[in-house]
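Note that subunit A is present in both complexes that follow, paired respectively with subunit B and with subunit C.
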Partner chain A sequence: MTAEEILNSLKAKFGDAIVEAKLDAPQPWIVVNPSRTKEIAFFLRDDPATRFDYMMCLSGVDYNNGKLGIVYHLFSMVHRHKIVLKAFCTKEQPHIQSVTSVWATANWHEREAFDMYGIVIDEHPDLRRILLPYDWEGHPLRKDYQVPEFYNGMKVPY
Partner chain B sequence: MIETKSLPTQYASQPGPVQTSSGKTLRTDEMIINMGPQHPSTHGVLRLEIVVEGEIIIDVIPHIGYLHRCFEKHAEHMTNYQQVIPYCDRLDYCAAINDEHSYVLAVERMLKIELPERVEYIRVVMAELQRIASHLIAVGTFGIDAGAFTPFLYAFHDRELILDLFEMTCGARLLYNYFWIGGLSHDIPPQFVDKAKQFCTYFRPRIKEFNDLLTYNEIFVKRTANVGVLPKDVALNYACSGPMLRGSGINWDLRRDDPYSVYHKLQWEPQIGKGEMGTVGDVWDRHIVRMREMEVSLSIIEQALAALPEGNVQAAIPKRIRPDAGEVYARTETPRGELGFYVISDGSGTPFRVKARAPAFVNLSVLPAISRGCMIADLVLIAGSVDIVLGQVDR
Partner chain C sequence: MGLLDQRFENGNVFVTSLENLLNWARLSSLYQMQFGLACCAIEMMAASASDFDIMRFGIIPRATPRQADVMFVAGTVTLKMASRIKRLYDQMAEPRYIISMGSCANCGGPYWEHGYHVLKGVDRVIPVDVYVPGCPPRPEALLEGIIKLQEKVRKESLVKKPA
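The block that comes next holds the complex of A and B.
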């Protein structure tokens, strides 16, 4: 399926949950409502026409304009097509729904997005920090992150 | 947090109350054991929190991040795109060439540049040599996990010869900084082609020797067959890649199915696990896939060396690399699986965002799912067969 057909089938099924799309990009992407990612993901995985059974990558992004986002790179082993989904949220309300129940691989990726960007993944089964210590303060990959001077009494910049 | 899943039935002993000969019931309890962070079988600094009942594993909770070096933050704070390449080397320090390949591919796709054909062929030769070197570490240390020390020495002896080839080319033995955006840092030296061909002739019989020593050894087969079975659907759902995915019987290799470089011009077939010694997707299958992939790599190297064209090793690229604003996700097949780089450019000279989709990170996340219900001793083998490099897991 081409990106346009995927977009049309999503629009027919979910209507206003599909916020915008950019189909002329080298890797076309579709922006979806952050509180409905799970049902859209289930549809994309289970619909016989799309069958996105393989999640290549899930990345958190800070767009440096008060907006955070998660980018899902999806691939179908059956039909060999790709699509990129995006879900945006604000720094004040950093909530995006989890897709771990759809693709188990999203579990650790979402924990990483939470760890690095402070995006709260709603309905995630085990939302803990993953790469940083559990008592670390702040989310380092945010563009406005300030390195703390001390961590547990140890000086951080050396 | 800890969730007990139903146990597989192939184990004779099940956790539960134990009856003594006098008819009394012994009290049993779950116990939590820490494996690592400093443990020879975790292949680095990884801590596994193991919940056991007797010797049977109820759950495994991996704790990672001990080797976190802020790769992604560093990449955003470099002064240009080229400076990220040495950091990519340090992701998977056992297969640095493959890491560079993925990153430069992502940037080259953003710049939309065509490479001289000689560059692509040399890249393929180097990537496949590196794949053999990396698989030698994987199978060598896997032998140690199973209690066989000698194969490890064989593997490291042969790996040394590959590192000599790299040293001859770019001076470095582990972290090369050899693939540059738009080409290579140096052309190969004149004697390289002969030496590489000599290595291929030397190494092919050594694979058979290694197989006789380890792979088909009866004790080794008994330890690895039917252990840590990763079914197809679980492998896909966890987005496993590389030998993990092919070991489960899925015929999938990015070199063939999402082609890059010149792999599509060469004749070769991906190797998949067939369950010869037990079940499809067990630990032995993942091991044999690595062994057979080394032979495939040898054949790719020989073909690429035979077809090596003359020419330049650097494409004409602007001095200051400024890709147009946009984003790209490029993936390559590294020895551990699909390494993807998601690079966002805002039109400036430094990347806006670089995300490394590390195959070791993703493959490790399936470890709890496949080790529930196994014995503790088997966990060492299962973790070894995932072939993690903690530099890549923690980035």
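The block that comes next holds the complex of A and C.
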């Protein structure tokens, strides 16, 4: 399927949950409602026409204008086609629905997005920090992150 | 022929001080705490392998700090790892030595400015005896560091306090 056909089938099924799309990009992307990512992901995985059975990558992003987001790169082993999904949220309300129940790969990826950007993944089965120590404060890949002076009595800056 | 038959007739007697003997024994059997942190650990493994063979210096990897004499801090010390390194160091029996291997363990290396998660030098948590520069150092550089440490052990004294 082309990106346009995927977009049309999503729009027919979910209507206003599909916020915007850019199809002439090198990797065409579709922006979806952050509180409905799970059902959209289930549809993309299980619909015989799309069959996105492989989530290649899940990335957190800080757009440096108060907006955070998660980018999902999807691939279909059956149809050999790709699509990129995006879900945006704000720093004040950093909530995006989990897709771990759709692709189990997403579990650790979403924990990393939470660890580094503070995006709260709703309905995640085990939302803990994955890389940083549990007592770490803040989310270091945010653009406004300030490096702490001390961590557990150890000086951090050079 | 028995093992001890001609031991003393052939002049195999030497006189030394107890201090020298102890130092010689210790510097010839520096057991190593077996762990690595980053790419420096790959060079450390190369140094352990047949080409460089650090076992000829008497260095044998031990899987527990309680049997180790020397710790190679080979790689990037993250803040999360720093407390673990401190604990491993505390579990080593004295006398104990630290070789800081590579730029990361020496001073933070490439993470010195933007590494929010990196300890800028392992000497902020444990005392270091020998610093080996390089990113990562070649196995020869690690061997040089080991020889430097052996020189340090050779000069130690039972009675005189170290300067």
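General remarks:
The criterion applied here is as follows: the second predicted complex is superposed on the first by the 158 of 158 C-alpha atoms of A that agree within 3 Å, B and C clash if a C-alpha of one lies under 4 Å from a C-alpha of the other, contacts with A are read in each partner's own complex, and residues count from 1 in each chain.
FYI, a residue touches a chain if its C-beta (ideal position, glycine included) is under 8 Å from a C-beta of that chain, and two chains touch if they have at least 3 such contacts.
No experiment lies behind these values; they were computed from the predicted model shown.
Of the two partner chains placed by superposition, only subunit B is touched by A:P26; subunit C is not. Looking at the shared chain after the overlay, A:M154 reaches subunit C, while subunit B stays out of its contact range.
By the touch criterion stated above, A:I121 is placed in contact with neither subunit B nor subunit C. By the document's definition of touching, of the two partners only subunit B reaches A:A104; subunit C does not. In the superposition on chain A, A:L132 makes contact with both subunit B and subunit C. In the superposition on chain A, A:M56 contacts subunit B only, with no contact to subunit C. In the superposition on chain A, contact of A:P140 is made with both subunit B and subunit C. Residues 132-133, 140 of subunit A lie at the contact with subunit B in one complex and at the contact with subunit C in the other.
Of all residues in subunit A, only 132-133, 140, 145, 147-148, 151-152, 154-158 touch subunit C in the complex they form.
Against subunit A, the residues of subunit C that register as touching in their complex are 79-80, 82-83, 107-108, 112-113, 116-117, 119-120, 124-125. Note for the complex: subunit A touches subunit B at residues 25-27, 53-57, 59, 61-62, 64, 71, 73, 77, 80, 84, 103-105, 107-109, 116, 126, 129-133, 140-141.
Residue ranges of subunit B in contact with subunit A, taken from their complex: 1, 64-65, 68, 70, 72-73, 76, 109, 234, 236-239, 250, 252, 257, 326-329, 331, 338, 340, 342, 344, 352-353, 355, 357, 361-362, 365-366, 369, 394-395.
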